[in-house]
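Let me give you the structure first, and then I'll get to my questions.
Chain nomenclature is as follows: A, B and C, assigned in order of appearance, with residue numbering initiated at 1 for each chain independently.
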């Protein structure tokens, strides 16, 4: 019973990691940058939602508002900050996003306060019960799982079946050639960041549901989401999902049976083992470096 | 004399000695609180120095150096808990060696990774190590951490310092002097290393791994060596930190430490030791300065406290975008250009 | 190359000399000289005192996981000090209260207390909060011979060894006696209960467990721990549920009361809950819970209905108590926002400190205030339901409390005030004098100066 509950918990958690990993992969694909600031960006939009809810708005209105805020925030960050970084040095973009990480943390603490506040869940928080046994699956976790799957399906549709998606893929693949062929590369990059940020905001809202939020609440997700993205291969959205689920279930099992203190170590071990065996991640398709 | 001055290594050593003597006097003049600040700056600069060499000269990005500081700190805390009067030198050496061993293990894995992958792995390391301290709470003290007993000043040192300064030596003064001495020695060694053939190899590996390998450099070995050196400095820094803050607790080695260490290094100038020192000074002194400024401007205590990381983050972003070589790096470059345009 | 090295040297020297300049003027009395603090001459140490002011310091979690509730304590203390200062202070001296944020992070506590003691040169640290946090500085404070009064934590190490820590005094009842009193109540009233323990992974949990096991060791079926800062308590609650415990006792901070309630709701687990008084404020936890489920948990306090806990000072549930009336008056005059039980906690502590200042008389020194608390402190009237145990042999705080249970927003007493001490000491009913005293008219302690 404990096993089943642990795995169920891991599944819904894994879905959130998958969403976050997906956001990271989207940005990597379009601009070859890992956005370490994705977590605080999601945290900020979640706080915006909380502010709206506390002033009386309906949960769903706040939910949508947070996603819209995510879109705007992602676009702004790309347009005003990321565009100007020197890409040749692979360290600069990392430092830039880390700086943004710290700035957003501080801004959120100043505006929203550092207190731990509760965030409502859209659906019930009592686990489904069959007879005497209660499963660690609440209506909210079902919602989590379904909406992440829906978002992924939508994204897949966008990228594979629409012109816009084709444009974005082209711009990511080879900026110069795409430009020559008439693609508005700059706009596409902004759009890529904006979409990724929406997905990130979604994961922020899902994690917050029925829990405590505070400026650092997403920090753990940065690491585990990043590991999930790398696990699946930074170039593969499907890999992000698989990686997320793998992470969620594994870490839940470790936490339940071995102790929560060993969870980050487990994440590290999983990451290192996978990278040593398949340096590009599980689903990598790009050619590996040979040195 | 001129023969002495012509060898860079001897020149630097002489300089180091002079600096040390100057510092002893300067520290003696300070109040207890300021001595503590000097000690803090010193150990941060040691860690920053190792990190700037690793990331700036060898091109390996480490987001988890706080974890290595933790290893050094906990080793020191455990040793002092068992043998309260262990000789200082031995204590520091053991802490360094243990950290190097861990660093070697991590470095071997890290050498195969690059770019975002090593960033992610070291990020995971940054939270894994403190979590271990919480998990093994019986030996490692859990969340409250391990208290580090304050040691008395060894009589030999007390006499030696009295000889130089004519006053008694307080505990904090002793720690500050030791930290600065370690800083000087570390920077001397790092400088010598980076100017030597080993350092040149590190740069080659960073700039063009393929060419380097073709030239016969063993990439893996070179990377691991640099990684181990930088973790040794982190271990030393952690060991000093444990003695100065009198505690080794998981909350002292959180993600923010690793990230701010990296930011300090970038601000100062990646790859330059002076930059690392400046970064450490900024990291230590800027927060209090900014917080007081904020309180003075009428902000609440909480808001003023958040102002410091805000300023740090914004400055880092500005530096990365506008002057990616950092403060010192940009200064050097500007001077080089000025010289070129003059000639 | 030579130029760069010289430049580096210049930079370092300049930095060193600037710092030296900042602190120039020689060393002051307590510049970390291993042993004594400053002029420990015949008159005693008067650091932090002038003829008209007394400077005190405090460390509290103003941010972080322990901030809900605890961050309000210092506002209460400040309000009471303002009240006292308005009336002219004590023996002509006004109180300057500096509280610094440590975020419930022991490394920060170390830094912050260093600042207070070495830079701000406070007379005493009053009300330092947190078991893991204050543990990081207690040895330092004793080494520097700084009075460390009214520690806001129930760990016994603040008072069980006055020889080792002569400068430190507890204030509230310690967790071990709380565990004992809870244990006895359970043994007498719920002898068939299967007990589970939900403990913070430090002395807060360990001392509480020790006290409990003295009475109900055979009834405990499971014990789980959490590390403060890690907000996922799912695995712990699952374990408790799996063990079949129908009474769960929590020795934890308020956020974790909310979390444990929340997770239990998720898992459909509904035992009888009992929480330590440091984690059980109904209003705070209720408000945390109320928002969790958009509608499901309408009024958070209803989820807490029937929760058991202990009480040792009167709170908002007894608004007619003379002490609570005083606090309301003080707060209305000097406070912003609503009066809460945490603010009352702060005021009650401040009252005890001011009593000590009164009793020390005009010749106030660090040694004198410690002496005065040891000699006379146990006799001072105050809001506490049971007297302090302060003496030369023990620096422990209040000696007892009453068991209570929440009914809606109020608490209902389940027992009389019960009094005990560490270890084998028996539990007896308290002498009602401490519970029935009232504050002086002007709200300022009226304690005689000790000879």
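As a working rule, contacts are C-beta pairs under 8 Å (C-beta built on N, C-alpha and C of every residue); 3 or more make two chains touch, one makes a residue touch a chain.
Since the model is a prediction, treat every value here as computed from it, not as a measurement.
Colleague: Please tell me whether B-C or A-C has the greater number of C-beta pairs in contact.
Modeller: Pair with the higher count of C-beta contacts: B-C.
Colleague: Going by the average position of its CA atoms, which chain sits the greatest distance from chain A?
Modeller: When every chain centre is compared against chain A, the largest gap points to C.
Colleague: With chain centres defined as C-alpha means, what is the inter-centre distance between chain A and chain B in Å?
Modeller: Comparing mean C-alpha positions, chain B is 32 Å from chain A.
Colleague: Rounded to the nearest whole Å, what is the centre-to-centre distance of chain B and chain C, using the mean of the C-alpha atoms as each centre?
Modeller: Chain B and chain C have C-alpha centres separated by 36 Å.
Colleague: Could you state the distance in Å from the CA-based centre of chain A to that of chain C?
Modeller: Those two chain centres are 40 Å apart.
Colleague: Can you list the residues of chain A that touch 2 or more other chains?
Modeller: Within chain A, the residues that touch at least two other chains are 109, 114, 260-261.
Colleague: Which chain B residues sit where two or more other chains touch them?
Modeller: 134, 302
Colleague: Mind pulling the chain C residues that touch 2 or more other chains?
Modeller: Only 62-63, 227, 230 qualify.
Colleague: Would you mind writing out the residues of chain B in touch with chain C in their complex?
Modeller: 8, 11-12, 15, 18-19, 22-23, 26-27, 29-38, 41, 134, 137, 142-145, 147, 149-150, 152-153, 167-168, 170-173, 180, 187, 191, 195, 245-247, 249, 251-252, 273-274, 277-278, 281, 301-302, 305, 332
Colleague: Which residues of chain A touch chain B once you look at their complex with the stated criterion?
Modeller: These residues of chain A touch chain B: 28, 34, 36, 81, 84-86, 89-92, 94-96, 98-103, 105-107, 109-110, 113-114, 219-220, 222-223, 226-227, 230, 234, 259-265, 267-268, 271-272, 275-276, 279, 289, 291.
Colleague: In their complex, what parts of chain C are in touch with chain A?
Modeller: Spelled out, the residues of chain C in touch with chain A are 62-65, 67-68, 71, 227, 230-232, 234-235, 238, 242, 255, 258-259, 262, 265-269, 288-294, 296-297.
Colleague: In the complex formed with chain C, which residues of chain A make contact?
Modeller: 1-2, 5-6, 9, 53-54, 59, 109, 114-122, 124-127, 129, 134, 136, 138, 210-212, 214, 217, 255-256, 260-261
Colleague: Touching chain B in the complex: which residues of chain C?
Modeller: 1-2, 4-9, 11-13, 15-17, 19-20, 22-28, 30-34, 62-63, 101, 105-108, 110-111, 114-115, 118-119, 131-133, 135-136, 139-140, 143, 201-203, 227-230
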